[in-house]
Amino acid sequence: MTTFDLADPVLRTYAIAAAVMVLKVMGQGWMTVARMMKSGRGLVNPEDLIAGPLNRTPDAGQLDIDDYVDRSRRMHRNDLENIPAFWMAGLLFVLSAPALWLAQVLLYGFVAARAAHFVAYLTKQRHEVRAAFYTIGSLIVIYMALHVLWDVLT
Amino acid sequence: MTTFDLADPVLRTYAIAAAVMVLKVMGQGWMTVARMMKSGRGLVNPEDLIAGPLNRTPDAGQLDIDDYVDRSRRMHRNDLENIPAFWMAGLLFVLSAPALWLAQVLLYGFVAARAAHFVAYLTKQRHEVRAAFYTIGSLIVIYMALHVLWDVLT
Amino acid sequence: MTTFDLADPVLRTYAIAAAVMVLKVMGQGWMTVARMMKSGRGLVNPEDLIAGPLNRTPDAGQLDIDDYVDRSRRMHRNDLENIPAFWMAGLLFVLSAPALWLAQVLLYGFVAARAAHFVAYLTKQRHEVRAAFYTIGSLIVIYMALHVLWDVLT
């Protein structure tokens, strides 16, 4: 039986990793905002061309896709393809009462892999580098889901 | 120690806010469907041009991007960038056993901010209005994640 | 009161359904990777045109939208619009201590509906077929959220 107590070191590990990934996802939204504001480009809504404090000199080209801004959106999409599944798999994994060392390796390992993926994506590293960190994070999530299924079904 | 009991007013607050946001996300999908059906535009799959009950008079232009339909998709994407992180941050926040008033302010505050963001986006309010409500929701999620980290790490 | 114990058959049902959907989401990412590698098309980042083990003969056309690859991305987006809300609604639903048969019908029903949606999308079935399975999954999530609200608010 698992009672959820943040004094439990496994749950604490999960809480730290999950909360850091919350900040990552929300921070990616703010990076997109910052890049839109800095470049004045990469807007997505026609009404964003109304002149105002956020857009002093509007022009129609601001709605064109812009790699500087769109890169942050692509990073965000990649986060959404991976991080909510991590939250779910991690929660179930914690419920299966794993060894602390294993929980730390997997949960902090995911955070580290995504941090490295973020840097690789941001700095436009070649595909192979980005793919390597993506793969590590993805395999951790897949392992945790399989671990849970094994635990529950056997 | 937290035992999950829906009689607990903090957990009850979370359950209400989280369930309402589930309905919000699912409802946004149905708004996209309704707008596609009403306008007959904004389809995304080549096979959707097969004539049938959902598309009686197909033409290739139906696959073009259409602001009426795409607006609902952009609202959906914005939901996905914010709401799953809210679910996760809120759950961890509840585990940290916060004061009921604080839980109510933050959890219901997020729901209210997203409702206002929905209206602002739907009615094409200027960027500054939409951004204000986005910011409130985002800061609530970020605060909850930091609150959890502070609680766990100190 | 609910204590989270994977020996509880309702929680076990949830764990199985949720873990399978984690594998579904992660697997969709790998399908996109596999289709990019197989076709050498549908890349999204300019830096992916650097020659290397993942891209031996780059050309600019690889960045064009390609239905074979983009279909997998659209399937992924559809997953993200539905599955995290399922995880959340299902967790709250389990907290409301439902009857086991109802939990099994809804949670496994969602998994089955999404599996059928996957096949329909992958094999380019007409819109009506895909929409039917989407609708079943969506209504299950909506029902669970309403069930929770009813349980908590009455």
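Note that the chains are named A, B and C in the order they appear, and that numbering of residues resets to 1 at the start of each chain.
Everything that follows uses one rule, which is that contacts are C-beta pairs under 8 Å (C-beta built on N, C-alpha and C of every residue); 3 or more make two chains touch, one makes a residue touch a chain.
As the structure is a prediction and not an experimental result, all values here were calculated from the model.
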Neighbouring chains common to chain B and chain C, by label: A
Size of the rotation, in steps of 5 degrees, that lays the CA trace of chain A over chain B: 120
CA centroid of chain A to CA centroid of chain C, Å: 17
Set of chain B residues in contact with two or more other chains: 3-4, 80, 84
Footprint of chain B on chain C - complex, ascending: 1-4, 67, 71, 74, 80-82, 84-85, 88-89, 92, 95-96, 121, 124-128, 130-131, 138, 141-142, 144-146, 148-149, 151-153
Interface residues, chain B side, partner chain C - complex: 3-7, 11-12, 15-16, 18-23, 25-26, 28-30, 33, 43-48, 50, 52-55, 76, 80, 83-84, 87
